[in-house]
Each structure stands twice: as C-alpha cells, then as structure tokens.
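For clarity, chains are labelled A, B, C and D in written order, and residue numbers in each chain start from 1.
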C-alpha cells in the first residue's frame, strides 16, 4: 500500500500509483503482495511488484532500520517488522522508521496473498515453518534457498506450466532460482528447445560480493574456485529436469563486484550453422546481444550501458550475450560468452512466479510480456 | 534538436520534450547548445541541458560510433561529427550512426549559442583555436583543461557573479572545474562564507579510472601518490581566489573506480562549536549528509544509495559529507570527510555556467535552484 | 629448538643453525623464546628470532594444522598447541602435525624466557590472565592488543630505554605497537629529535586485509573511512608520550592488500630547509628513500623492489619515504609521503623488545644494529 | 660476468659465484649467456642462469636506468645497453648506471653463445633481424613472440628432443612459450603421455597485469573476455603438435594481478579411475598439489605459500593443482583446476632451452633435474 501524501524523491513519484487491473474488461481484485527482506533482491522485487497492474504491494518487512529501510519508507512503502519481537519493533521505531506492524500480523489478518521471501539464504526455511505454513500463505523463495523448500524451482520461459500445474494441485510454494541458474536456464532453453542439447558444460566467473557489501566484505586480488564441479549444473536441473542429460559446471569467484561472467560449451543434438545459433538466442526472451565491435570489451562496458539505459538502479533484467563471440566448433559444439546481471535478472521471474503460483495468468508468454512491459525490460541494449 | 518519431528506449521518452521557456510571462528564445564529446561527462551534460526549459540541445558531436554514440542516437539526440574530416564521417556512418553534419558546420551556420566542450582533457585547446575562436562561439570547458583556456574557472555558489561580470565585458569562455575542485569549493564555501578560513589542507583518495574504462585501463592493488603537494589546491584557488590564503592539498589514486574520497583539515578564522559547522554545511547548496549510524560505512553504501535514488545513472550531483565524522579539534580546527561523485557533480555546474555565460539568468541562486529542480538534485539522500 | 635431521626446504636450511652467543668473549645462555600464534606476524617473528645468536626459538604454538603450521614443521620448528585441550591436540595430530606439547606445558616447565604472543588481536588478554600471569612468564604482545595489556608500548628507536627501566623495576610485559604506529613513530622520531614537533597530522590509506586473507575477506572497489579522528595518533602517543603535543590522525581503508600509505603534515618547532628534513630522515634508522625519478610511482613498485631484494617473503622491515616528495611549506611545515610494509616492519621491533625486556642488551643502538644485521634490514633499496 | 668487489645486497651475495663446471670430471667451458631485457621475466632468467654451473651470465642489457637496472648493477651484473644509440647510453650513464657497452658489441665480439631475449613482446622480431641474424648468434625468445620467430616452441618435458634434433640440423632459435601455454603443456603431457587425450578444453582466468605494472595500468572491477576461442590452444599445439587432436581454449582477464587460474576439461582416450589421474599428475615434473582441506582456498593462499617457501621473489616455478578438486566425470572425462605462477614458471624452461639449443645436455631429464636442483624447484609446497 502506498501511503498518501508521501511523494517519494523530490516532488515526483518514481513509480506512479498502480492503475486498476482490468482483465477482459472486468475489474479484478489485485493480488496482495508482501516482500519480506528489503535487500539487494527484495527492494527490486518490491519496486517491480508495485509496477504491476494486477498486483498490490501491501508492504515490505525487514528487521533493521538503516538507510535502506528509510529509503523504502520515503518511497511510500509501508514498513513492517519481519519478526514479532516487540524489542525489535521498538528499535526500528527509535531509529526513525514508522513500523506499521509485523509480517505475522499481516498473515494473521489475511492481508497477503503471497509473500515474496527475499531474506538472506537460509532464513526462508525458518519463516516457512513458523509463518507461511502456519497461516497457509503462499510464498516465493529465492535462489539462496534449496530446491526442497518449495519442491518447485522456476524460470518463466522453462517451466511456467509446471508451476501452474502444481499450483492447481494445491502447491503453495515456488522457488525463483539464483541469478546464475536463471541465466543458464535461459541460454540452455534457447538451445535445447531448438536443437536438443545432449551435453553441456558451463563455467562461471562469479562476482565476489554485491557493491554495497563491498564496504565490509569481499575477496581481494585473487581467484577463488568453488568445489569442482560446482552446484550450478545440479541447480539448473531443478528447473529444466532432463533436458540436458550430461550437464556439469565449474565456478570461480573473481575479484569484482558486479555481474557474473558465463562461458558455455554446449554440444547440440543436431548439426547447426552459426546463424542457427545466433537466431535461436536472438529469438529467446530475456536474452540480448552485445558486440566487441561496438566497443563492448568486458563487464565494465555492459554495466555502463546498463546505467545509460536509464532504468532504475541500472537494472536490465536480460542476459547480454557477446554476439561476435558465438562460435561453432565442428558442426555441433557451441561456445557462448555471456554476462549475468546478478542483482536484477531474477526480478521479472519473481513477478511471473507470483502469477503462476496464483494462477491469475495461465499463459506464460502473456505473463512474460506483461512483466517485461511493466519493467521496460529492453530487447536491445543500444 | 530532438528527432521526431524517435521514441528513445522502449516506447517511453526517458526525458520528455522540453517545454516552452517563459520568463516573466514572455516566451523567450531558448539558448541553443551543442555538446562536443559524448563521454562520461558529455552524455550527462547533454541530458541535463535537454531537461532545462531555457535551453535547447541542438545536438551532440563525437568522433567515434561505438555503443555510446548509438545510445545517443537512440535517445533522439542528433549526432554530429566533431571533426570536419569526410573519412571520419563516413566511418561513423558505416558503423550505423546517422551523422547529421559537423560541429564546424553548426558553428558556421550560427546554430549554436554555446558549445559545451566535454572532449578529453587537452583537446579543448585545439578546438578553441580552430573552431570557437574562429566562429566567435561561446564555449564551456571542463576541468581537464587548464584555467588559462578560459581565464575563468567556475563553481556556481562561489563565483557566478564573477562569471556574469566577465560575460558582460565580452568574455566568451568559462571553465567548469574538475569534480574534485568543485567538491572542494562547495565545502570551503560553506566554511569561509560563514567563519573565514585562513588555512586549509585537503587530502584526496582519488578513484583510479571510470567504471566503463576499467575494461582496459586502471591501476591494480596499489596506492599511487600524485606529486606532493598536488594541483588540487591551486586549482581551487582559480575559483575562490584568496578566500583561503594558506591552502595546500595532497592526493593519491586508490584502487577503486567510483567516487573520490576527500578529507579536509580546515582552520577557521573564529571559534566554533561542532553544531556551527554542521549547520554551515547543512545550509550549503549541493552538499548532503550521510551517517555511519545509518549503515553508511564507505563509498560502497553511498553508491548504492545513489543507485536507489532512481535518478538516471545513479547520479546525485551533490557532495555527501559524513555528518557523524565532523570533528572540531580545539576550537578552530575542523576535520571533514566527504565523498565526491566524480562522474556527475559537475553536471549542474555546466548548466549554471551556460546561464552565467549567456546572462539569461543574473541571480545565481535562481539558476542553482532552477538547475537542481530540473535535475532533481536531492537535498537529502535517504 | 630446531629438530635434528629436518633440513627445511629442499636440502638447504633457509636459516642456518644459530651459532653460540658470546658477549665480551663469555659464552652466554641464549634467551629461550616461544612464539604463540603462527600467522602473518608470528611466522616472521619466529624466523627472526631463529636468526639471532642471543636467542633460541624453542618452538611455535598454534591451534590449527593447515598449510601454515605444516610449513613451520617442515622448517624444523617444534610445534606446540596454544591451548591445553586434548581434543585440539588430537585434531592437529590427525591433520599431520607432530604436536610436541602445549604452550602451558612449556611455561610450566620454565622452558621459555619470553613468549611473543602473535595471536589475533584480543586473544592476548586471555592468554595473559590464564598463562603468562599464572606462570610468571615474560611476554611481548603485538599492536592488536591495547596499551593497557602491558602498560608499555615499544618502538626501538623511541623508547628502548623506557623499556629497560621498567624491566629493571620488574615489568614483565611489553607491547610492540602496530605497523602503522611503528612507522609513524620512526618518522616522527626523526623530526622531533632534530627539530621539535609541536603539531602533526597523519593521514593513512590502510591496506584492507592481508594477501593470504584475500581469499575469503576484504573490501571491494571502495574507500572505507575509520571513525574520525582515528586511533592512530593516540596510539603513537603511547610510545612517544608528549613529544608531539598536538597530534591527530585520520585513516581510510583502501581497496588494496599490501602496504599502508602514509601522508604526514608536520609542523616543526624551528625553521628548516628541505635539506635539513631530508638529512634527518636519511639518518634515521629503519627509514629508507624511494624516488619517482627512479620509476617508483606507487606501492606496486615498492613491493616489486621488496621482492627483488631477495629477503625472505620480500620483507624489508624499513619504511620507504618518497624522497622527491618531501616538501617544506613556508619554513616550518613539512609534507612527507611514505609506505608502510605492514606485514614485516614490526618484526625487528619484536627482536629488540625481547632484548629490552630481558635486559640482555642495554644499548638500544647495539640492539638495533644487531637485529638489522641478522635480518639484513637494508639501508637502501636499490 | 660478475664484477669483482660488488657485494650485492648488504655484505652478502644473494647468489654465490658460480663454480667450475665439470662434466664427467672434465672441466667444460661454460655457455656464455646474455639476457636482453631486464623486466619481469628477464631479471628472473638472469638470476637462474647465474645459478647454473654450466652457464655464465655475461651480462644483461636494457634501455632504461630506473630502479630495476640499478638493482641489476647492485647484484653484480654487468649492464649493457640493448641498443647501439650513444644518446641512450649517455642517458643511462647520467642516471647512474655504469653501462659496460652494447648488446651489439657483445655479439660482434663473440662474447655470447646465446642471447635470451626477454624484451617486451614484438621487439624480438626486430632484434632477430638486426642483431641475432646479423651476428649469427643463437637466441631464445619468450612467449610474447609468435611461433614463427623461431619455428620451434619449447616446453622441456614435451619436446626437448625436438629442440635437440633441430639444433643438430643448425637451428639457432628457440621460443619458450608463455606461462599459460607452458602450464597447459605440462598438465596435458601428464595425461596424453599416460592415457592419450583425444579432446580437451581449457579455460583461463588470466591475471590482468603484473603487480609492478599495477601502478599505471590494469583493469578494474571487471571481467574482460579474450576473443572466443582464445589463442592458447593453438599455442599449445606449437609444442605438443597433434597430441590432442580436438583442442580449444577460452580465456578472460580477471581483476587480479598475480597467477592465472586454469580449468581443464579433458577427455581421455581410455577409462581411468580418479587415482590414475592423481598419480599421473603427481609423477609429472613441475606440477605440485594443493588442497582445500589444508586451507588453500584460492590464489591468495598459494601466493602466500610461495612467499613462505623462501625462494627469491616467492617464485615456485611449478604448477599447483588442486588435488581434491580433480574430478572424473563418467569414466573418461577429467576436470582439473590449477594455478599458473605467471611470473616464473617459464624460468626453468629458459634454462633447459639453452641446454637444448647448445646441446650441452642431450638428456631432457638430466637437464630438467639439474635446473630444478639449481633453482630449488619444490616437489611439494608444504
């Protein structure tokens, strides 16, 4: 719920009030959403929900009262406390945050149709047990949680229908997978839906931490490998299941703060030309192209382009693939290099996951297009 | 000039068409502006000019046709070639840029009232000689050029009147000083205009290069000092002249890409309380406060806040000062720590410099307020 | 104690067996030393002690059994467990370390004359209470502990005599101050012992974490200020007491892993020429010069020079000052830029502190020279 | 030639004078070596040559006189000017370097049997034409030059015999391949010599620049891909020829300064157990193991271990492979993660290349062992 009279930054609302949601000319009740955890993902999901005409952002909840939560309040978001601890609420109030109540209070009163749980990884399990299960609330978890928390891992263009079917049978939980898994699923979907993919290897150079966390944590002047092979390939399988029978991944952490770098070595089920692969990627939603011939030599340029797009926070939601690096070895093996905008590429997936879980939209393409229009997800970057 | 039918990103214009400029109810001709050099500063100045109701962005000029210039075109800006070399123009056209002509052509035709020269440091001298002098055009230079190029170095709140007076006498050139000098002038102005400042030392930890340039240049895992003492104090004096008789600076380059860090050690001309200093800074335009108690521990948090503000590219234009670090030693010495948003804090200064140079506004406060309103320069960050 | 038959790396002992210690032709018993905590400082102190002919390294103690401790063992150092917990000892043994006993066992048996406590900051307090006090052992603490732990903070050239005097009165504890404080004390001593220093300001750009810790912690692409003013000036005063009446410091953490950068703004008690200052610094022990005209532009070059010196780990122990940056403002104010080799500049201080605390050498210059000869502390870098 | 009376650092020679070279009891003339270019590789090759009892370092040549060359002189190396330009020689002399003559003079007088050309990439071609060809000198080039410069690319354990055979036929040139290619060749040799390797993919996260160059260049907070596929696989083929028929590589530059990171995805020609692969790597020269269970989590720990080894500059020459990351997928595919000590792993190769090119040793294993003993190349790291 937006508070009246709070005009956000300056005199202008960055996000205009959501309009009435009409479907087939009939005015529909909006799905009521709460976002629990107002961090890197949570604040973006909150903004994204607020932009949808079939959703209403009832409020956000958190446990602290630093600049982040103060900005939420300034934007006009109603702030709740994630925990039902009076001391915590009092602490937040004394720090200057107008706490409207607790997440549990919202759930008890049936004020929320769906909670999007964007708390740090691992917290979701506890909230599921103590809150969502207890009050019978639908909930969406993020990639920091394990697949088992929901039994359903989601990437819109891969398995929206699976989510719909499970929801019909009473499933109340959905897990939006991590940024890396989401990016991999989009790339893989472009290829296995066109050519079959019997085998694939993915290699990731992960960013070390988020820019805002760089003030207190990170890694320095190093490369740190994950356990080999990494968990990314198994995580992709929670979404695409058996679409790629022989799938492995390796990952290292690099000494940078924004955007993961991905390299794919994919063996296709049929012979292709380079043009076939280019077209498959070009036609896939939420993938876009960059080129070194346009001066896009690394992540730095992509991030600058992202900022120049003018979207909030420089978010682009889509996966930039280096078009001029797409390489076909022999006739069936493809090399692809991509950037993964780790802060935001899962944001539209959360919006779609809400629609699938609540079944307010039963056509995945319509949901995807509606989300992309509302968020202004770009088809091309420049 | 905005091209018709070019709707920018998606279907929405990020920057709506400028409205008619009325002063005292009288419709005024807008000042016609060209921006030469569409890099980190140029692209921001172009956007800022396009937002002013008393200015018209005729076009931008550059010499390359990479993603940057393609984005300019996509925004609806008319693109010119900075040089009058047919080969260069042809190269740009073949790369997909619709080159409308040359900067020299614009000047020859009297299409520009003012050129804002945002070409890399040192190019300005040549352009001044071969273009601006030749065609009698007014020009604004950036801090990469020396004071002598214009004989007038500018920070709005310090010496708008000096610029007005010189313009009245026929001066056609103005230099907007560097981000560091601009930040220093704002901080110093807050203090010398209130308490006198007989002596000051400033120490800077500069960012090494811009994020977009980080793909190909920079420094790594080091600190690199400038010659000691650094040029910053003498540069501040080109703006504030003798306001601080004993002024020196030292600077190092740090291994980071965004925002300079500034530390000031200022001896005041009178005894003060800490509150006096806080108030002086609070009342100074284009300075704002951050606090460690709100979780703002370093540049990372300030940059994240900047992005969360929702302004284009995460620009904030104002100088964040750590309020809870303001320290008074004894009764006359003050320590101040500040961040300098190096990509954008000079942007509003360019807008004001245009007004001073063309004398379309003769009250510095009105210009400053008009600029800040158009750019949505925030008074507070969160 | 060096174990027989363990020849260190390859077939060569990196550090040859210590020879008999003769003073005035009389063979003296060597001071028996244990080093508790084998981290960045501890491993260096152990090596340094092993090189002194008036000291015997009885062993090192730690609580883990990773590659660090395995290297200690391979060097021939006897390894003890810092804690008297049988489980911990068993864990270390199972990881392949031949644990010879416990630190407490050594103390109980009077096997140690001095413990150099190089455990992480804060652990010293507990060890003092439960071990050193209990067994009446002399102990040296590092700069991570507070002054109060020993009541004596030490930098050889500043207050060796104070340490001697307190030792004579029964004092058993000494704190070698941090790398930054040590560097500051050396610089300040050069100046206050020659010219008096009524006022000084020091500004530090600290390294964020040690290279080896960069795999798991650090900061990224940022500058993070310490509380303003920083604790460094008060810490310097624990060593130099009232030598500089008006002394303040400020510090930030930079995004690099090796060597702090220091800037000093020092007001002298008398008029000087630049040559006076250069000579004062040139004649001061454990300070050396670098020059930008020799291509030493930043910390990177100094670190490379350090490595090229061929000393173990690239340690140089001395404070590089940029000679061509030494600047005299007016006649009494001096600007100095220096690098602080944070991993190793306190190492010789530990050796000297042992001598002062045990009074085996009562002339500070002789101790300093003896240490510097044994460690090959360079007078010049290139 | 070592200059008499120049005692290097302090009073101790870091590298003791080379002893007489006896082979089979017969005193042999030593091969006379000049090193052209005293940078990151050149200074290490010079030191390595000076340690061999069958070689004599006649001198080093360079074109500048900064701290690097001053340290060479201080070490006792005779310094020559790389070019025969009197002005350049004068400049070096005035900067304080005692220039003994020119590289051309040495060649003209037949003072050198072999020049090791460690000048920056690309300079070798010119020197070959104007100096080595002209004076009929044997020369070794580094990996910055193309294969064609020598027609022979060299890694000791892969093709020493090829170098011997070509030398017998009069070949005078040899190219020691880059650090990355050298590392790849060692890893691949371990596998193809044991199991055959029909197919392999290698992925590299390169360091961006050398630490010493980090003061003025580098990349910042980014990942920058090379053209895809990268040149590394073709370069490996210049050494191992058709040993791996299907070989491709991809590379990115990471935001760190030391050690490349390598990931190998290798398909073997026969079924293997993990133990087979571990043993093959364990038995391969110039490869060693690290383990995460010993706390070696990333490049930072390996670099710290390297420093702790006590070898000059922290050089280790060998390729650290994460033993506990070695993974067999199915029965024939192997994943391997390794670090590449880019500053020094080619140094022993240069020594071996001299022996092969001059045929003073015709058994590759004897050369390798002799080199490794002289350089103290470690078999294990801790």
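Convention: a residue touches a chain if its C-beta (ideal position, glycine included) is under 8 Å from a C-beta of that chain, and two chains touch if they have at least 3 such contacts.
Owing to the predicted nature of the structure, the values given are computational and were not obtained by experimental measurement.
Novice: Going by the contact rule set out at the top, which chains touch both chain A and chain B?
Specialist: Intersection of chain A and chain B contact lists gives C, D.
Novice: With respect to inter-chain C-beta contacts, which pair, A-D or A-C, contains the greater number?
Specialist: A-D
Novice: Just give me the whole-number Å value for how far the CA centre of chain A lies from that of chain D.
Specialist: Taking the average C-alpha coordinate of chain A and of chain D, the gap between them is 46 Å.
Novice: Measuring from the mean C-alpha position of chain C to the mean C-alpha position of chain D, what distance in angstrom results?
Specialist: Those two chain centres are 35 Å apart.
Novice: Take the average of all CA coordinates in chain A, do the same for chain C, and state the distance between these two points in whole angstrom.
Specialist: 49
Novice: Could you check chain A for residues that touch two or more other chains and list them?
Specialist: Residue numbers touching two or more other chains: 211, 214-216, 219-222, 224, 255-257, 297-300, 303.
Novice: Quick one: in the complex, what on chain D touches chain C?
Specialist: Contact set of chain D toward chain C: 9-10, 12, 14, 43, 64, 66-68, 70-71, 74, 211-216, 220-221, 290, 294-301, 303-305, 307-314, 376, 378, 381-382.
Novice: Going by the contact rule set out above, which residues of chain B touch chain C in the complex?
Specialist: 201, 203, 205, 219-225, 227-229, 248, 250, 252-259, 261, 263, 265, 292, 297-300, 322, 325-327, 329, 335, 337
Novice: For the complex, which residues does chain A have touching chain C?
Specialist: 208-209, 211, 214-222, 224, 255-257
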